[in-house]
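Just below is one structure, and these are the notes that go with it.
Naming follows writing order (A, B, C and D), and every chain is counted from residue 1.
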Amino acid sequence: MKQIKQVMVLIAGLLALAVSVTACGPGASPTPTGTGSPTPSTTSMPQVAVVALLSIPVTDWDPAVEFSNGVMILHNVYETLLRYEPLEDTFTPVLATDYTHSDDGLTWTFHIRQGVKFHDGTELNSEAVKFSIERTIKIGKGAAFIWDPVDKIETPDKLTVVFKLKYPAPMDLIVSSAYAAFIVSPAAAQSNPDDWFTQGHEAGTGPYKLESQKMGEEVILTKFDDYWKGWQGKHFDKIYYKKVPENASRRQMLEKGDADWTMELTSEDIEALKANPNIAIEVNSSFENLLGFFNTEKEPLNNKLVRQALSYAFPYEDVVKYAMGGYAEQAKGPVPKGLWGHGDDLFQYNYDLEKAKDLLAQAGYPDGGLKLLATYNSGDETEKKVCELYKSELAKLNIELEIRGMPWETQWELAKATNPDDRQDIFFMYWWPDVTTPYTYLFNLYHSQPEIVFNFNYINDPELDKLMDDANLQAGIDRAKAAQMFVEAQKKIVDEAYGLFVYDKNYVRTFNKSLKGYKDNPSYPHVIFFYDCYRE
Amino acid sequence: MRKLLPVETFEAIKPRLKEFKLTFYLLNRNRLTMIAVITVFLLVLIAILAPLIVPYKEHVISGTNPQEKLLPPSQEHLFGTDELGRDIFSRVIYGTRISLETALAAVGLALLIGVPLGAIAGATGGVVDEVIMRITDIFLSFPPLLLAILIAAFLGPSLTNAMLAIAVAWWPWYTRLIRGQAVSMRERQFVRAARAIGTPHFKIVFGHIVPNTIAPVIVQASMDLGGVILTAASLSFLGLGAQPPTPEWGLMVSTSRNYFLNAWWYSIFPGLAIFITVLVFNLVGDGLREVLDPRTRKY
Amino acid sequence: MTELLKIENLKVNFRTFEGVTNVLNLESLSVAKGESFGLVGESGAGKTTLAYTILKLLPIPPAFVESGVINFEGENLLKKSEGEMQKIRGKKVSMIFQDPMSTLNPVFTTGQQITRVLQHNQGLHKAQAKKRAVELMNLVKLPDPENILSKYPHELSGGQRQRIIIALAFSCGAQFLIADEPTRNLDVTIQAGVLQLIAELIRETNVTVLFIGNNLELVSLICDRVGILHRGQLVELGSIKEVAKHPAHPYTLTLLRAIPKEKREKIDLTQIALKAEERLAEKGCRYAGRCLKKEKICLEEEPALKHIGGTHYIACHL
Amino acid sequence: MPSARVERKPKMLKFILKRLALGVLVILGVVIVTFIMTRVVPSNPAAQWVGPRATPEQIQAAKRELGLDQPLYIQLGIYIKNLFTGNLGKSLKTHQPVIEELKNYLPATIELVLLSTVIAALIGLPLGVISAKKKDRWLDHFSRFFSVGAVSLPTFWVGLFLQLIFYRWLGVLPLGGELSTNIKLFYQVPHVTGFLLLDSLITGNMVIFKDALLHFILPGITVALYPIGLVARMTRSALLEILGEDYIRAARSYGLPESTVLWSYALKNSLGPTITVLTLSIGYTLTNTFLIEAIFSWPGIGSYIATSILSLDYPAIMGVTIFAALAYVVLNLIADIIIALDPRVRL
């Protein structure tokens, strides 16, 4: 009898605990952030913004290395010399006040802002700029390649930096790159071990500094009192970034006010959020596009007619409508709309199964009967839908499309297989700019390469190479002319139907209506410059 | 977690009609087990007849109908439609076939690896036994799901590879089970007799020992089916199993995560399908274990 | 003499795969107060089943009681609830089991097991119970009681364990004791000692005994009266003298011959062994199938117990 | 007669040592198997190390940096040598030492797993006892349905619906994570052992403890389901075996009440196998967290390994695998010791 009593008491106690804990739940736990109540300090509530992220906040805390969404945070901690406004094609001076370049595009002079302090208390000068960029080049990871044109960096005085280039290049675009263009404190970098940054430290000039973090999970930023722009007006005191991998969870957090800003919701979610009066939905153009690559080194896609047939068989409208919920536009060539060098007059393939049939017949496949393999990044719901819709159309041509969602690394290795026959037939991939130039699209994706990196069409066309390279050299001298030349190159790519130009994506921003001052900049994908934001 | 039946359990199990009848009689005592047995037969029937009974046959292969996406359950679509307008009922029904096929293939393959290894180890003894069993130990010290995930990830995601991965995670259990049997078999009269008249070792192992030890392993394997189905679904959930647009339940649940706030039916039906299938297989397995284990067997 | 236990019309069946089998069919049996009654029969005859039925410890299913009355002190045990039975078991009726190896709980020390029973049945405090346990050890002639009480069953020998089981049976002053082949699983060398102990204790406590055995000779050492059980039925009943000296039923004769010590005739073991497949005949004497003297009537009619003199009864047509 | 229990001690030690040695061998085997598996897969760790959009020169440099230009057996040798110093290499993605990342992620997972296991024992044990007691009756059917159901549920699916019900509809429990944002930002979160619930409890910080407990409930229940079912099933089958034993019948014959027979006499006998299962189930529960941590944004090893596997981050995968195998081997050893402590088993 004694035993049974003990067990019962234990269970009862447990239940009581659970009940008491849940009963007082709603008051304590999911309080709306920042505006909420139960905090120890009563004087003035610090303003906090909460960002729910899809993946780990910062992959590598070294600003020279980070080459993924971590720049969302780093751009609030570090600053670049300039910030590019692609929609107006202008530059906002940040750490540099102004700049000039020689006519041949080989010498670029930047003047550095006076009185800027790093978070470690030291002051910004031309040496720091030189040090930062040389450090990035030396480490050679991430997006360090953007500095390839740089021959040497000179610092004639404390506030002047001169770049001497190997070949003409648009340095203003390079120094304002979203990646690998951050300026760090030399004092902090030199007095600490090499992996000091990677271990989760920072030494930038940005408006916010790192308060604390749990690696791979969350980051808390707090305002840097000595920020050079000062703290007049309304600003946030703290920013809280948290990884919330489930789409549904991020949406629910946003709806309940547990998050202020989130990304990568499905179009169905966005549709549902429209009814919520507390949530703002902003549709912005972006420089991110979805491209399909045909394996031109393998039967049957080495045949231009087959490639064109497959281009006509693609359900562009359905994909935009159902896979993207309308938040995209069918692409015209590989360079997205809004970016200089985009060809508005380029030819566009349209969904036309009859035409596709004709072309297939011409190519010698009147009854279809092909088997193709398409790969995409596993876990990407949109790419998955794209593939499924495409498969359904190709089935009508008696072409069997096998779809394989693969982790990026394995998909990549498959595409780099030595034997072209081992590779996939169609490779789906997003591309977005590092430096805001058409060359990042054309060179990486369609230029011949000594080794396969991202040229998944496997084209080796010297004529096309030359068109692109000439255009790039021109970019450091006369951007308008260069843009024309880039369009010429794309004409050839489109005509050859090297791949599917699926859509240019819109970034749909979903955030709490009380978050004000947020402005999307497609050159800095997903970055929120929190200094400009405030809560109302 | 699996509790392997003790070796002696199977001394009694001989594939005789009477044994089957007796087992059935004992199972019949527990109504819940009996319901499960009937459901298992029903599921097998559904799996076999799937192509005939699905209302939207094209939706299980390549067809899409995005205009009708995410419709709630109705008369035309009993379980509603998914994000590309496909009939979820058809896909769930067809998924029965895929799940059962995958599970059977995985367990079959695990048996194909595990049984000969175990028989050879047990029948040969000595160094061969040591080596085989130490390798088995190594594989047994991976948590099975982790091992399956690892292998599926390394082989690349596909249903076939998921099946292979599960087989690799499962075979050591069978090796261990059959080895125990084979060891006891080694000294039996008929084996000695066979050896005495110069039968080659290979023939003794596969001609005498395997046929006489296979019954318990088959029983064990049938008890494992539920766990295997769940593991396969978990792999697909992680994106390491079936590929779209295959109507595999785990994959459907995984995809539905993105839509379940707007379309609860999309998650609930494939999830229920997994649950019910695994449940009835486990219930039957549990019932079988109770009935076949001499320690709990009661007439 | 008052009847302490009176069994009437008791039918116990087992429901199995093959169907319902009758394992116990007793028309009438009574044990008087202070009497030692022996029950003898081959294994499977239903002796243990009877013991379990009295204590209501039968595994149900597959067993079930079809009909009957077991009156103990004038009250029908079969009608008692589980709670009421708990007040009877151990306190009024106790039992010595046949297998000392499996009767004690392996995960408690013997002391824990005895004191728990004492605490519960006699409401003793822990210290009192411990003291009483030591006394009990002395009673069953186990030396070094403290040591024995601190041991787990597997650390003791079979004889020691059986003595503890006997101690448990006598611990709470039950008036009725069922001893189910208490020496069956013991070495021959210690059988005598244990048996003697039981006999002494019975004499000292004047308890009423139902003594079960498969060996008439052994039973005769303890009992006044004896019943021969065959396939669930009493085939012969009488005082020890009557049955042992003048066995009347053919089965009893076989049983007596089966005692190896006697070595009077060559024993045909196949006659004794009960085959599992052997089905009960639809009608007729249950022994007819093996009876060497059977006649036509034996196959057609079931014999009832009939009085053949003194207290002697047999169930045989002949 | 010398006491048997005194004799057992040196045997026990020998037994443990032998099992430990075997365990080390097995772990070494796991290391080798995993290492080979990771290396035969077509992939390019060097390219991962440098990051996306790397140039061929960068990749070549990384190859040298990571020692990938050496023959495989030398790489393995170096790996094993480093292993002994606790060096598991660096993650290809985050460039952090894997051992640091494990330290970072493990406490949350261990806390989740252990606490769920305790819950599993508290619920599963009575469930199994009731089921065995009422065998083939409706209470048994119900309890069996529940316990077999618990091991048959796709946990990832359950997690989604628990969130839907308790966060979205009822609004009584948080969606995920370990703590609320406000608590994180404005309270000093104690850090003693790394286990949040424990730390807040020992430092007497009830606000944080309550918040952490609230956050624990949903993932805790989801993770506990499987072991609950397991313990209930195991207790049931062990009890069924034991309830048929002679000593149970004997105990009843002495007039002991049914509750004592069941909860003390029988349960103590079935505790051995049940605790063994509980111990071993921790290994399973650990892998189950791989599926559900992401759903609950739980900052543990599960979501870490899930992302590592999907991005083929080999050092991270190996680190977690070795840890899991180690945990498995140790738990097995503990289970064996528990069995060996059973007075019936003589070593």
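The rule is simple: a contact is a pair of C-beta atoms (placed from the backbone, for glycine too) under 8 Å apart; a residue touches a chain by one contact, two chains touch by 3 or more.
All figures in this text were calculated on a predicted structure; none of them were measured in a lab.
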item: Required minimum of steps from chain C to chain D, each step between chains that touch; value: 1
item: Maximum inter-chain contact count - chain pair; value: A-D
item: Chain whose average C-alpha position is farthest from chain A's own; value: C
item: Centre-most chain, if every chain is reduced to its averaged C-alpha atoms; value: D
item: Chain A-chain D separation of Cα centroids, rounded to whole Å; value: 36
item: Mean-CA-position distance for chain B and chain A (Å); value: 43
item: Rounded Å distance, chain B centre to chain C centre (Cα mean); value: 50
item: Between chain D and chain B, distance of the C-alpha-averaged centres to the nearest whole Å; value: 24
item: Chain A residues counted as touching two or more neighbouring chains; value: 246, 248, 252, 378-379, 407, 410, 414
item: Per-residue multi-chain contacts in chain C, two or more chains; value: 59
item: Multi-partner residues of chain D (at least 2 other chains); value: 41, 160, 168, 244, 257, 260, 309-310, 312
item: Chain B to chain D touching residues, read off their complex; value: 1, 3, 29-32, 134-135, 137-139, 141-146, 149-151, 153-155, 226, 230, 233-234, 237-240, 250, 253-254, 257, 260-261, 264, 267-268, 271, 274-275, 278-279, 281-283, 286, 289-290, 293, 295-296, 298
item: Interfacial residue positions of chain A with respect to chain B in the complex; value: 246-248, 251-252, 266, 268-269, 271-272, 318, 321-322, 378-379, 381, 384-385, 387-389, 391-392, 395, 401-407, 410, 414
item: Chain A contact footprint on chain D (complex, rising order); value: 41-44, 47-58, 61-62, 93-96, 100-101, 104-105, 122, 126, 160, 163, 167-168, 171-177, 180-182, 184-187, 210-211, 213-215, 217, 257, 259-260, 263-264, 267, 294-295, 297, 299, 303-304, 307, 309-312
item: Sites on chain C touched by chain D in the complex; value: 52, 55, 57, 59, 82, 86-91, 94-95, 97, 99, 102-108, 116-117, 120-121, 152, 154-155, 165, 168, 171-172
item: Interface residues, chain D side, partner chain C - complex; value: 3-4, 244-258, 260, 265, 268-269, 342-344, 346
